[in-house]
Amino acid sequence: MAILTVRNVNKRFGGLKALDDVNLEVQPGTVHAIIGPNGAGKSTLLNCFVGRLEPDTGVVDFDGVSLLGMKPHEINQAGVSRVFQTPEIFGDLTLVENVMLPAFARRDGAFRINGWRPVLSETGIRELAMEMLRDVGLADHAQTVASQLSRGDKRRLELAMCLVQEPKLLLLDEPTAGMARADTNNTIDLLKVIAGRGITMVVIEHDMHVVFSLADRVSVLAQGTVIAEDVPERIKGNQKVQDAYLGGAHL
Amino acid sequence: MTRRTITRRDLLKTSAVLGAGFAAPMIFTRGAMAYTNEPKGATVTFGFNVPQTGAYADEGADELRAYQLAVKHINGEGDGGMLATFSSKALKGNGVNGKKVAYVTGDTQTKSDAARASAKRMIEKDGAVMITGGSSSGVAIAVQGLCQEAGVIFMAGLTHSNDTTGKDKRANGFRHFFNTEMSGAALAPVLKNAFGTDRVAYHLTADYTWGWSQEGSIKKYTEQLGWKTAAAVRTPLGAGDFSQYITPVLNSGADVLVLNHYGKDMVNSLTQAVQFGLRDKQVNGKDFAIVVPLYSRLMAQGAGENVKGIFGSTNWHWSLQDEGSKAFVKSFGKEYGFPPSQAAHTCYCQAILYADACQRAGTFMPSEVGKALEGFKFDGLGNGPTEYRAADHQCFKDVLVVKGKEKPTSKFDVLEVVEVTPRSQVEYPAEMLGGELGPFNNGTA
Amino acid sequence: MIEKHSRRGDLLLLLGFALVVAFAPTIFEPIGGGYPDLLQKFAIYGIFAVGFNILFGLTGYLSFGHAAFLGVGSYTAVWSFKLLTMNVLPALVLATVMGGLFALFIGFIALRRSGIYFSILTLAFAQMSYNLAYSVLTPITNGETGLQLTHGDPRVLDALFGVQHGDGLPSTDLFGMSMSGWSGYYFCGVVLFAMFYVSLRIFRSPFGMMLRAVKSNQNRMNYTGINTRPYTLAAFVISGMYAGLAGGLMAVTDPLAGAERMQWTASGEVVLMTILGGTGTLLGPVLGAGVIKYFENIFSAFNEATLMDVFSFLPETLQHGAVAITGLFVGEGWHLTLGALFMLIVIFLPGGLMEGVNRIKALFRGGLRRGEVRRPATMTG
Amino acid sequence: MDAFVLQILNGLDKGGAYALIALGLTLVFGTLGVVNFAHGALFMLGAFCAVTLQKLLSLEKVTEDPTQLTAWGTPMEIRTPYIETWLGDLGTTLIDYSVPVSILLAIPVMLVVGVVMERGLIKHFYKRPHAEQILVTFGLAIVLQEVVKSFFGANPIPQPAPEIVAGSADIGLLLGMDPGTVVYPWWRMVYLLFSAVVIGLVFAFLQFTTFGMVVRAGMADRETVGLLGIDIDRRFTIVFGLAAVVAGMAGVMYTPILSPDYHMGMDFLVLSFVVVVVGGMGSLGGAVAAGFLLGILQSFASMNEVKTILPGIDQIIIYLVAVAILLIRPRGLMGRRGVMES
């Protein structure tokens, strides 16, 4: 059965209908891409998954539990991690601290005063964090302050922060936005490795190169509604999708 | 006071080791003393604790001037001031008990905590044997309590609340200044002569202990005259704009406004009341009157023209013509170029009275000095015959009723003395205000 | 803020701290600060500022109402002396608890907002406490005069255990050890050291890391599965307990509690101490507290006569000139010096006094630590 | 009824004062992003412009009269203001009008003070954390007030309103009430009018001039305006100068109501911050609305009828309202998301 089920989700902003009866099913262990032109409602939809926005009507079920009405931290604790369009990291903390923190959140839950034992003594968590940093290739900079990183490295760091939580579902909002080609390719490779570990991913992406290298399945969103859903190869040839993209310049 | 702790000896060794190049801490060099800060050298140190910052800084500066003058006179410098007119001739102008007087100063900031910290510094670090000064009752009571614990004498400065020598009196504390009870008793007959017995009063009262105490006294004595009290409204300390409290007075039917405010509150509420036309108003066919129970000439200057014709009481005024006052004004004016305030006067007197008591007692030990002050009768310090009552350490003397002068000749000449209410009329039994002196404390030095 | 910390470094820090506390009377004597009251103030305000720094330094939430907890602690302690016993332990425990409870209540409401809105909410609560304590709550607080001991106080525990007090007002004690003078200082010093140690543990713990992360990026915290509100509330309550303890200690060394301890200027003072010393650093708040209290107590004490002494080596005309000029900055002018100091520090040492200390340290190490990063400015418009 | 009308007037009057002080503060917040703890000091400096002018106008020629002696034995001094000897009655009138005339002095002086302050100090703190802005401006405020104290002393210095508006007006007559029931001081009405005019002028300036449009755009989105290549620096300086002038004028005009002393800025500081925050950070309209709201509520809370039911309510009403409003409206009356929230 699907790990993420979205049924008949509607969302209005004033007069604007941002999501119009959206339906979506994400199967466990797959990479599911959501594409669509600007303003199609991709980010709005993603925000409905993580508790940032509440749909007006509809159902969002994750692993058999409704996500509606849950706060962002509760959704994360349920197993959903998110990567933002602009990397959201802890700029004042070191890289290793950035990764240890989500690991603590995984181990200790949403709130626990762990105020006496030094972080230095938390060797298990520390090693886990270092391993994640190695995975994303940042282990050499473990003691650097995160705000010093390049944008691409920040993205890797953010990925490490999500992965250390061993999420059941990883949401990525344009993970390669604003990156140079080399960085993009590195990121794709990294995401492939992650996918290879069987982590379910939902990726919002503009860059079709990224989509077709990664996705097992693609949903196309236009004007707030899903106009097509299929495997990547077939999406390419879909007329409706071509139209939505104005003659398919991107394809 | 524990000056001997287990660590002291260890520290002594360490400081001896580290001590090369700087003086050994004073605390370790002191020998055994019979009482806190017993002076061993050629000088004795007084601690002058006055507000140097905050709203009463100018008053504090005047207090400090008076203290410096007093020290000069005690040490035999200058013209001797009121020492010449003082009835006790114990002081010879050669210091006290053969020691020259030195002094240290501190800033009370008109805050209890700061005042106590400053007093503690003078006691613990500078070895002051007596603390004096201050410009508010909260501070006076706080410092008085501290001096009681520390075992030094406290000679209160400007403090007008009954509590200082009433509910919160302490054996080691003495007050020369008058209080709200005396203000009420002194003002009432004058108000009766000026405004009659058929009056309705409206009180605006600063919402803290002194204000309540003042309101209570004035109410008590004016109601004895037959006055009625329309309302007594509490105003927040430092309200600034009092308009919302003044407008209800306009149509309340009251024909007297009593402003139980001091300092900036007094300046502002009076100025604003006059702007609302209260001074020129007619109510019930009578001229509306404003009364400020506690006047301070320094503060009254801040209200400018608005004080004209306003009644109030004061502890002392420089225009008094007795020999003591004349000598003091002359001495102070020569030194600083302007006349002293009542705060300066009371502080000068306190310094002289303390020194005199030490001289008569032949020691600085608080219990002996205290006994020398208790029941001490004197004259020649500007207030006529005065007595330090033994039962509550409060000075009893005549009280001045003053009025804002219509035609001032200089900026210092804002008040005129209307009446000197004799001491017998303002005296009250010591038990009336409650409290307990307790025993003298000489400290355990 | 990055402090490369190691266990050894922390141990040295604690050792140094303990040494300074132990030898403070000798250390501060040459600069005129070696007397019990001032050192007690250093310790007490040090505790206050260290606690404040746990909230402000770590989470970035700027409270302008922490003096309220200090005041509550003082009132509680004095009431404990009046009703229960002159022993300081119950007083301190109760003061800490009451400080914490008040912080829980105010924090619960104020932490619904952030930034300046949070600051103003805390300010509003503290000002309400101050205004009421000064006036209508006088039966509890004794208003302007301040709450103090009287002969008639029941002191039920003392009565129960047959503890006798002399004729005068009783004084505070710890099982017979007097709490004024030097023993009072050493008691405060021990408490300061303990509280500094607790703060160090918190700084180094995962909890401390969480708090720093709140300051850094609260949004990411939420999407990392962390509920930030209880964390900030916990920090708020802990710092409120520190403040309550500090207030209690003030009453221990000097059993009088006044309303002005709760005024906004008092809240502002601890903010200034923390920033002056170095926000978010371990040692900074203690330094800042010391500097401000030193100025308040020592610089204000200079008068014309003492200045004349100081400059007595100069010829007379120069002496008068020097006295006139320095007189502007000491005695009644000590505020001016403090204000100027605030400006100079923040202009030239943006990280507070601790940045100065670190720069000096770096100088000694020959500026080898190139990897060290300047504290990034967290600024949003 | 009369009590009600009077309290409304009191509330408006207070509100005018609060709004006027808060206006400059919120302007500086909104455009420059600076927490200016020295804003109260600007208000105080304005008030002391009035004091200075009065002192200058009444500079006296001192002659000694050896036939009369002071109580301390020096010859009595006879003081006559120079300006009276030079200008005769006109001089007397000038002294009488010193408060309104000092507005003319305050505008250039405060503009210079504001510009120097911004160029010399504030400018360097735009990008610094708020905590450091607070520390440096608080330090500056202390320095300014201590300097004023060393010149003028700590006591309040009376600044009477001109003779012609020194009394009060029976405005109850206009409302058809009995004579003498609603009287209100002329100067307070002048002040209310003055604050209305200044607030109006500031709004008009921001609404109808290009400069104002840029500033408003800057308040809405600082970065974008910066990106447009508009020389924002110079404009910031002018905004700061404007804020200083408004605060200074408010200070000048308030002196007949509140005798100025060196500490008055600190007394107003907390209040003005509360007004600004209740109004919403960086919202001019909010600041004005909050000023009047708090002024009127404070007036009514001070009435005896209210105080007997809720003792001490007048002591805390401002803060209570601030808490209530911030809990109902997270960003004050008219604040925008994201301004000063971290």
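Letters A, B, C and D name the chains as they come in the text, with residue numbers starting at 1 for each one.
By definition in this document, a contact is a pair of C-beta atoms (placed from the backbone, for glycine too) under 8 Å apart; a residue touches a chain by one contact, two chains touch by 3 or more.
A quick note: this is a predicted structure, and the numbers were derived from the prediction, not measured.
For the remaining chains after leaving out chain C, touch-based grouping gives A | B, D. Comparing per-chain C-alpha centres with the mean over every protein C-alpha atom, the closest match is chain C.
Taking B-C and A-C together, the chain pair joined by more C-beta contacts is B-C. Note: the chain lying farthest from chain A is B, by mean C-alpha position. Work out the mean CA point of chain B and of chain C, and you get 33 Å between them.
Distance between chain centres (mean CA atoms), chain A to chain D: 53 Å. As a whole-number value, the distance joining the C-alpha centres of chain A and chain B reads 74 Å. Averaged C-alpha coordinates put the centre of chain A at 45 Å from the centre of chain C. With touch defined as above, residues shared between interfaces to two or more other chains in chain B number as follows: 53, 57, 61, 207, 234, 236.
Touching of two or more other chains is recorded for residues 312, 315 of chain D. Chains that are in contact with each other form these pairs: A-C, B-C, B-D, C-D.
Remark: chain A residues 50, 71-74, 76-77, 81-82, 84, 88-94, 97, 100-102, 104-106, 108-111, 113-120, 122, 143-145, 147-148, 161, 165 touch chain C in the complex. Interface of chain D with chain C (complex): residues 33, 35, 121, 124, 127-132, 134-136, 138-143, 145-147, 150, 222-223, 266, 270, 273-274, 277-278, 281, 311-312, 315-316, 319-320, 322-323, 326-327, 330-332, 338-342. By the touch criterion stated above, chain D contacts chain B in their complex at residues 2-3, 6-7, 9-11, 13-14, 17, 70-74, 77, 79, 149, 153-158, 160-161, 166-168, 180-181, 183-185, 187-188, 256-259, 261, 263, 267, 298-299, 302-304, 307, 312, 314-315. Considering their complex, residues 56, 60, 62, 109, 112-117, 120-121, 123-125, 127-128, 131-132, 135-137, 218, 264-265, 268, 271-272, 275-276, 279, 328, 333, 335-336, 338-343, 345-347, 350, 377-381 of chain C touch chain D. Across the interface of their complex, chain A is touched by residues 1-2, 4, 7, 201-202, 204-210, 212-213, 215-217, 219-228, 230-231, 234, 371, 373, 376, 378 of chain C.
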